[in-house]
Structures are given as C-alpha cells and as structure tokens.
Amino acid sequence: MTASALPAAKPGLLPLRVYYEDTDFSGSVYHASYLRFLERGRTELLRAQGVDQSEMFAGASGAASYFVVRAMSLDFLKPARMDDELIVETLIADLGGASIRMDQRILRQQDVLLAAKVKIALVTEGRARRLPAGLLAKLAGSVTEAS
Amino acid sequence: MTASALPAAKPGLLPLRVYYEDTDFSGSVYHASYLRFLERGRTELLRAQGVDQSEMFAGASGAASYFVVRAMSLDFLKPARMDDELIVETLIADLGGASIRMDQRILRQQDVLLAAKVKIALVTEGRARRLPAGLLAKLAGSVTEAS
Amino acid sequence: MTASALPAAKPGLLPLRVYYEDTDFSGSVYHASYLRFLERGRTELLRAQGVDQSEMFAGASGAASYFVVRAMSLDFLKPARMDDELIVETLIADLGGASIRMDQRILRQQDVLLAAKVKIALVTEGRARRLPAGLLAKLAGSVTEAS
Amino acid sequence: MTASALPAAKPGLLPLRVYYEDTDFSGSVYHASYLRFLERGRTELLRAQGVDQSEMFAGASGAASYFVVRAMSLDFLKPARMDDELIVETLIADLGGASIRMDQRILRQQDVLLAAKVKIALVTEGRARRLPAGLLAKLAGSVTEAS
C-alpha cells in the first residue's frame, strides 16, 4: 500500500465524499463539518507543495511548529447531503510575513455550496512566528488561481 | 432525572467543559470544535426563550422547520485547552424578516478566546422562509446585551 | 467532475488519510474517530455492491430505511497519527434475517491498528425490519474475504 | 466564573444534552457520538476522584501520561434524539495492574439507550505502564456501584 491509493487530484482540488458522520438531523451536512473539509483541502494543498505538517510538528527544522486558524469568513450557499461527492478548492491568496490567506470553495459539480476566506498563522512554542524562508519558497509558486 | 440536572445558566451564557474530543494533536481545541460550542450556545438561548427546535422539526406548527447557518465570521484570539471551563455568550443582535443575527463570544474567565458574528435562517421544505410571528415574539425581548 | 475523482479501491478496501480533525491532544487519533473511518468503510462496501443509502433513505423502494449499528466490539491495537495513510478493510461475515455482521480492520501498511466486529440492522419507520430480498441479493456475493 | 457553573452531578453520573452536532441524517444520534459522551463520563469520574488529566499530560508527576482506550464492547439499545437530556453512568469495574475496566451506560430517564464495557490503559512515552500507586489510591474507593 503506497500513497497512490489516495486520489491524485490536481493541486488545490480535493475530492471527498459526504458520509453519515458529516450530516445532522436536518438531513444536510452539519455546518461545522464543512470546516473539516476545508482543513483537509488546506492540508492537501500544503502537502502538494512539499510542506509536511507532521515533520514540522516533530520539530524537523527546529522547535515544533503547527498552523492555527486566525480568522475565517464563511458563506453557506447551498446544502450538501449524504453521499454527495464534493470538491474542495483551495487557493493561496496572499503570503504575509506571519500569516497565509487562502480562498476556499466547496463545490458539487458546478454548484458552489460554500465560499470561505481563511487566515492561518504558524505557531512555535505557543507564539505566532514569521513564516520561515523555506516555507515561503515552497508556497510562493502556488499563489495562483485554480480553474 | 429532570432537566434540573443541567446547569441553569443565565440566558445567553452557557458554561461548558473542554474534553479530549474537542482537541487536536497541536494540544489545543480544534478550530471547528468552537463552532459546535457556538451552536450549543445558540440552541440554549433559543430554548431559554421558549423556542423548541425538536418541536419545530417535528412540524408542531405546520411543516417541518429548522435553522441553518447562512454566514459566519470568526476571530480566533486565544486557544482553549483540555479541561478548560468555557462560557459561550450569545446575544441576538438583530431580528430580520428572514434571518437572525447573533453576536457570540467564547470566554475563559475574563479572556475572550473567540468572537463570532453569525447569521441564521429558518428553512421549511428546503427553502428559507420569513420568521413566523410567534417566533419573533419569543425572541424580541432578548435583543439585548448580556453582561 | 465525476465519481472517478475518488479512489477506485478494491471492494472492501478503503484508503483514507488522517487529518487534524481526527486527532486529539495526546497526539494520536481520537478513539471515536476510528468509528467514523469504519463507517466510511461500510458505506463504501455497500456502495460497491450497489446499495445506495441515500435512495433507501429517500424511500426509493417504499418507506424510508436506513442502517443502524446494533453492537460493536473494538480492539485498539496501535495508534494512528496525523498524516497517516490508512486502509479500512470491511468483510461481510454473516447476512442474517434482520442484521448484517461485518468484520473490519484498520491498517497502516502491514500493521493492524484496530480490529472490530460490527452488527448493523435496517430500520424503517423507527423499527428494525427483515432485510429485503433485493438487498440480500446484492450482498450475498460479497460474503467472502478480502486479501 | 468558577467551576460551580457546571453541573455538580453525583460522581459517576454526568448529565448532558443532545445537540445538532451529535445527530446524523437518520434523525437520531450518530453512533460514534455516544463514544464522545462516554469519554466525558470517564473524564468526569476521574476528575471527581481527584485525577487531573491535564496535569498528568503536562507531566506533573514525571513523564507526560495519558489514558488510551484499549477495548470496548457496545450495545446500542435505543436511539437518542435532538434535545434529549441524557445521563452517562460510569462505574469502575476493576482496577488492574496496567488497566482500568469501566462499565458505562447512557440513559434517558429510566431507559437504557446504550451499555458499554471499556478498558483503558495509561500511556507514558508511547508505552503502556503500570498504574502508579497514587492513581490507584484515588480510584480504589470508587470501585462501587452507582444507584
């Protein structure tokens, strides 16, 4: 079993399926479940650019580091439902000195179900830190739009 | 066992505890877990004002109705951790024709950990509807600030 | 975007990735998260055999039906961690009159992290019912072992 | 705000409320959500006996330690629903050298919705260890039955 068993999506486009766990009694996807989907999208975008969050947390390049969400704005446009196949689209909108801004959408085919703006920061020893040059170099090329 | 076993908080102020389930490997509360806390706060505010979401969903006053989140903006200010005791503060900022705006905060003692603006709407048979007069009457008195 | 964007695993073998959402502050996967993984495995096995749970719930063949878990026994053998790529293996061990028994394992390469025995039943209008002939026919061929 | 804002339940009896987050599209509580409820019950029982898991993880008495679930058997007897008020009952059935066995039930008034047997172990530096004498002393008195 190698990584190839998981879908080799285009960078910034993660397909996923809606399961029981994601829904609530209204019959649709629970609103906080979309945040889990968005985080999968961000993690896969970072992975595709060579950013390994497990290594960062293990302190591969010094002290243990991890990303935190600083701010989000979310528009819930249409509901997703059990068994839906969705796409999480993730774009890096801006690389700041100490934070990254991403624009994300969740789509079902052509329908945009959710649009989000997300600001994340890197934390080391409990404090935000400037993004290291190595990280910026890996991400600089992906500050572009997906189709 | 009656309802009195649960905390009789002041309306708009829900105390809760952080458990394993709410945290992630960074050691802090997972960002989407705060949305679950906020929803508990909204549900308890509605309950305190006599709005029974189970009855609404069962169609007590006509067709099955339930609330959905339309939009949120979130500022994550400080992390919560395992075993923390938090307060979810929920204020109704505005009662619109077809939506309710709430201002919410999550606090640990005097510290504000998260601030949120939330817009919810009432859905019946898959479509947003105007807020019924009975619901507005129950909520009108609580468009005020908690301490 | 078609279903082909998701991994075309062998029936009964679902690959998945561990994300932030699945972990807890101990650094490993939260124990209840494995149940979500197991459910994805069961749902994908049913889908591979032509059992569409959304259609069943929509009442495609009469009254709305859905599966519930009746009993589980779980052995947690080794922890999974952030970014791990796992395989959920799902076998149908027995098709009873009113329930299905499945044997499931979660693996990381050759390591078995979790072993589970699960009994599910079909519920219609709040009550367990006998498994319909059409469902049994779809599943009968898969009461076999995966490699 | 002090701890007194949270319910002062009898040791081993934790009241809790079912929220949107706990349900799935079938209308009932999602099966894995009960495991979250059980864990809250175990954590509160430990807290009532003076066992502070945050301190243990911070390494208050040596190396960082935390509990893991080793095995569970679960009988799902009746469904819980949105807004239900439940009680999690937790009994210590046995204190072993390296593990603790607990019997747990989830009740809605007199109805038993779920019965579980749970085995947990203490992990330090990634390995199970014998339960320290101080921990055993705190728990020895609670190997008794709740009413």
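The chains carry the letters A, B, C and D, assigned in the order they are written, with residues numbered from 1 in each.
Following the convention adopted for this analysis, a residue touches a chain if its C-beta (ideal position, glycine included) is under 8 Å from a C-beta of that chain, and two chains touch if they have at least 3 such contacts.
The structure displayed is predicted, hence computed values, not measured ones.
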{"item": "Contact-richer chain pair [B-D vs B-C]", "value": "B-D"}
{"item": "Farthest chain (mean CA position) relative to subunit C", "value": "B"}
{"item": "CA centroid of subunit B to CA centroid of subunit D, Å", "value": "26"}
{"item": "Separation of mean Cα positions, subunit C and subunit B [Å, integer]", "value": "32"}
{"item": "Interface hub residues of subunit C, defined as touching at least two other chains", "value": "20-21, 25-26, 28, 32, 36, 39, 57, 81-82"}
{"item": "Residues on subunit B engaged by subunit D in the complex (per definition of touch)", "value": "1, 3, 5-7, 9, 15-17, 19-21, 36, 39-40, 43, 47, 52-54, 57, 81-83, 85, 87, 107, 109"}
{"item": "Complex interface listing, subunit D residues touching subunit C", "value": "25-26, 28, 31-33, 35-36, 39, 57, 66, 68-76, 79, 123"}
{"item": "Subunit B residues touching subunit C - in the complex, by the definition given at the top", "value": "20-21, 23-28, 30, 32, 81-82"}
